[in-house]
Amino acid sequence: QADSVTIYGRLNVDVESVKASGGSGAGVTSTARLTSNSSLIGFRGEEDLGGGMKALFQLENSVGLDTGSGTFVGRNSGVGIGGAYGTLIMGQWDTPYKASTTRLDPFGDTTIAGYGAVLYGDASNTAANAANRNSFDRRQRNVIQYWTPNVAGFSGRLAYGVNEEKGTCAVACDPKLWSLSAAYEQGPLFLGAAVEQHDEYANTATARTQDTGFKLAGSYTFGATTVSALAERLRFSGNLAATGLPKVFTVGAATEAKLDTFWLAAVHRIGAHNLRLALGKSRELKLNLGSAPGTDARYVALGYGYTFSKRTEAYAMFTKISNGGNSRNDFAVNGIGGVTNGASPQGLAVGMIHSF
Amino acid sequence: QADSVTIYGRLNVDVESVKASGGSGAGVTSTARLTSNSSLIGFRGEEDLGGGMKALFQLENSVGLDTGSGTFVGRNSGVGIGGAYGTLIMGQWDTPYKASTTRLDPFGDTTIAGYGAVLYGDASNTAANAANRNSFDRRQRNVIQYWTPNVAGFSGRLAYGVNEEKGTCAVACDPKLWSLSAAYEQGPLFLGAAVEQHDEYANTATARTQDTGFKLAGSYTFGATTVSALAERLRFSGNLAATGLPKVFTVGAATEAKLDTFWLAAVHRIGAHNLRLALGKSRELKLNLGSAPGTDARYVALGYGYTFSKRTEAYAMFTKISNGGNSRNDFAVNGIGGVTNGASPQGLAVGMIHSF
Amino acid sequence: QADSVTIYGRLNVDVESVKASGGSGAGVTSTARLTSNSSLIGFRGEEDLGGGMKALFQLENSVGLDTGSGTFVGRNSGVGIGGAYGTLIMGQWDTPYKASTTRLDPFGDTTIAGYGAVLYGDASNTAANAANRNSFDRRQRNVIQYWTPNVAGFSGRLAYGVNEEKGTCAVACDPKLWSLSAAYEQGPLFLGAAVEQHDEYANTATARTQDTGFKLAGSYTFGATTVSALAERLRFSGNLAATGLPKVFTVGAATEAKLDTFWLAAVHRIGAHNLRLALGKSRELKLNLGSAPGTDARYVALGYGYTFSKRTEAYAMFTKISNGGNSRNDFAVNGIGGVTNGASPQGLAVGMIHSF
């Protein structure tokens, strides 16, 4: 039966120089690092059940190539049934909200230049319901997903995070996740929309929390150039003082906050070479009480890649985040750490990525 | 040499509703769960050494599909030599006592409906000598096993748990395990017997402990129906007050206790469908001093399976344990937790199992 | 793409009787153990990039066959590019210093009889810069290595341990590692030299530390017999009082210490049988202030192997370390633990090794 199992992987390692200057603290001095960027190895397979149906599974493991570590079965893993009416899968898996736009990021949401510098709130690769309400970048535990087939370019995904933690809060609660995405793809055009809700993740005796993400995205390829755009609104409601908001300080007596972010990217290919650009901006928070000055952030990333083959690329990149005076965004993947309000994390990297 | 390695696995995930009502405590309210039931992936291989001999190995890893976790090399793993006179293997492996009857359980000893609800004392997948004297469901560390060849339907297994912990007790001790099983299989008939001894697992200055399990089991297949039966006696001797007994409260001044359990099961197949039933009863403990009222427990499990193929099945099942007033058995695999004396854990589940 | 991934491994398990008699303490009484000796399973692959170039990767996992444990990606793991000018690899990997002579040890640097009983300071399979200055047996994290091609029998390796921990010391520091090896191999002859430096691993406000290892080694095969020899000098400089020296007590006010070790081995093959011998001696430490009496140690190892095939061997071995009165060397791999000054650890083992 071994012939039914495929081993696959993606190894991405670079040498980086990172620092965070300015801001309210002492900053982080320039540091050299060897970094593994969401490297992985996985096992997957399918069984033809006849009548257009199949059983399928995936077990994906995270690989810390730099420190010789890994988490067995720590990434997208599940078992399910697929057929003409779509696929039902159970396990731990990226939510539709997260998965819907990863393809647009020229830096793959895996490096210091990834779009999480401004998007999706806190980075949280793996989380249960009732854990990290602020992250809309979830690889969700205890999740059931349904993926539609592709019909004339349209497709969608729906996920439910099973409410295992019901009643485990300090007060009555029923923490659960809903995540939904829809996409249309036709030739050079891609359009996508997604919504995700974290319900009762951080209730108190007097407050019920509900946090929601919305995003709209699109990309278009003109010959050798692909441009992409994304707009996101995150809304946090209830108990903000205790749990804080993503990447910024808490917001006093406000009980509702909105965080709007815009992001643009372009990739241009010249033979084996490619150039990449990404720009992003988070606006200041909108509160239901008071203002939130200086909670904005901007980000830029530049990259160059040389493709040895479809499976192997060498790359260089530069990225910089410019935080407002009350914001402290860090790289979402392999952050510097210790970034203080108003500081500007930046990084230069040279590395390679190899898939198998 | 890669062709000598086979990747295999078994993924079993279900959605469950479990609760524990009644009993001395508040009970556990109905809870929804996504559960991974002893899912695994493994690597194994053989090398032909000529003359009927072979080298063989297995590295089996546990997979927590629901929470994106796993234990690398956490299950049956070892290396050994096999030939006409049998197989010698060293590593971590299920004891002969445990392995001898797993095949009889229609619920595979892997789900909330598994026969461990009443059988084999505490569940303890992985343990060293001197750890968890109460479990006769051991995947034993530091074990050497000898497996006979099959001779005219007869076969046997012998295991020794190396006494690595000798002298590490509070007092002089020499903790070791012996486990032995014998089986006869001919056509529709299977007969099995097993015995296991945990020697000096919990000595005190004045008491030497010795815990023993015995079981007799059989199954017979009539056409599309298979019936199975199992009788087990566990005997615990010495230092009972300190370490307690499996699943029940401690027993005062008694220094010896016996726990008798009976179990029956039937599986009936109709084309791609199958129906499963299991019933079990643990009698009240027999003590050498005093009585143990209310330490009995009963269990029932009902299941339905639809086999898509030999490798893939969808299933539904219901199970309920009825504890005596001084007993608090829980599901052996993925227990509810927090079960109090006299409570009745029960669960309903719908899921799938896929092997590769 | 699965055909590009090779699964390989080495499983080495034995049953041992070990003890440590004599010395300043009570000693360790004779203990039986089942032991897994640096067992492993790995995944590796190459991609032909054309023009003589290739991408390559390896993910190697440690396997604790005795206790059913393992470290995913815990061993030599990396990704890189190779070609006519050599190979560049990034990840976690044995330093050139360590890797250069492993081949000479008839006991493979993996068992109680391995040459680490006297050589290479502390055993430290996996370490970051600024961790365990005393170990010259490093599988180094955050490392970049360059391996030359083999040119007329000459080859070399260079490694740099990226200074990620810069500035993380109590005082200003810049911990980094350099490791270099060169080898010449022609027919029956092997010659090797290696040097490794641990720079600023344990600085204090007044002391900068620098620790260096040098070794020269060679082997020659006469027909069925191979003889090997190795001489090593380890030099430790600065802050000795706080961090101690490998395997021995601290050395008072001295600020520099040298540890010289000599080692010899022979392997003789008779058909499927082989006999192995290793002898080693560490001299007393040479301090820049005062003397270090009794800090010497001697070691002997005897072995017999029966090869079933190129991939499978059964073996027996005996080893004994004779420590000076102020030395407490233990087996470098699977040490007994609790060895006190002047004690003599010894062990007898019977086991098997199987590669795939």
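Order as written gives the chain letters A, B and C; numbering starts at 1 within each chain.
By our rule, a contact is a pair of C-beta atoms (placed from the backbone, for glycine too) under 8 Å apart; a residue touches a chain by one contact, two chains touch by 3 or more.
All figures in this text were calculated on a predicted structure; none of them were measured in a lab.
At the interface between subunit A and subunit C, two copies of one sequence, fewer than half of the residue numbers in use are shared by both copies.
A rotation of 120° superposes the C-alpha trace of subunit A on that of subunit B, rounded to the nearest 5. For this pair, subunit A with subunit C, the centres built from the Cα atoms lie 41 Å apart.
Chain contacts: subunit B has residues 5, 7, 61, 71-72 touching two or more partner chains. Residues of subunit C that touch subunit A in their complex: 1-2, 4-5, 7, 43, 45, 47, 49-50, 53, 55, 57, 59, 61, 71-75, 77-81, 90-92, 126, 128, 139, 141-144, 162-164, 166-167. Subunit B contributes residues 5-9, 11, 13, 15, 29, 31-34, 36, 39, 41, 61, 63-72, 308-309, 311-312, 314, 351-352, 354-356 to its touches with subunit A in the complex.
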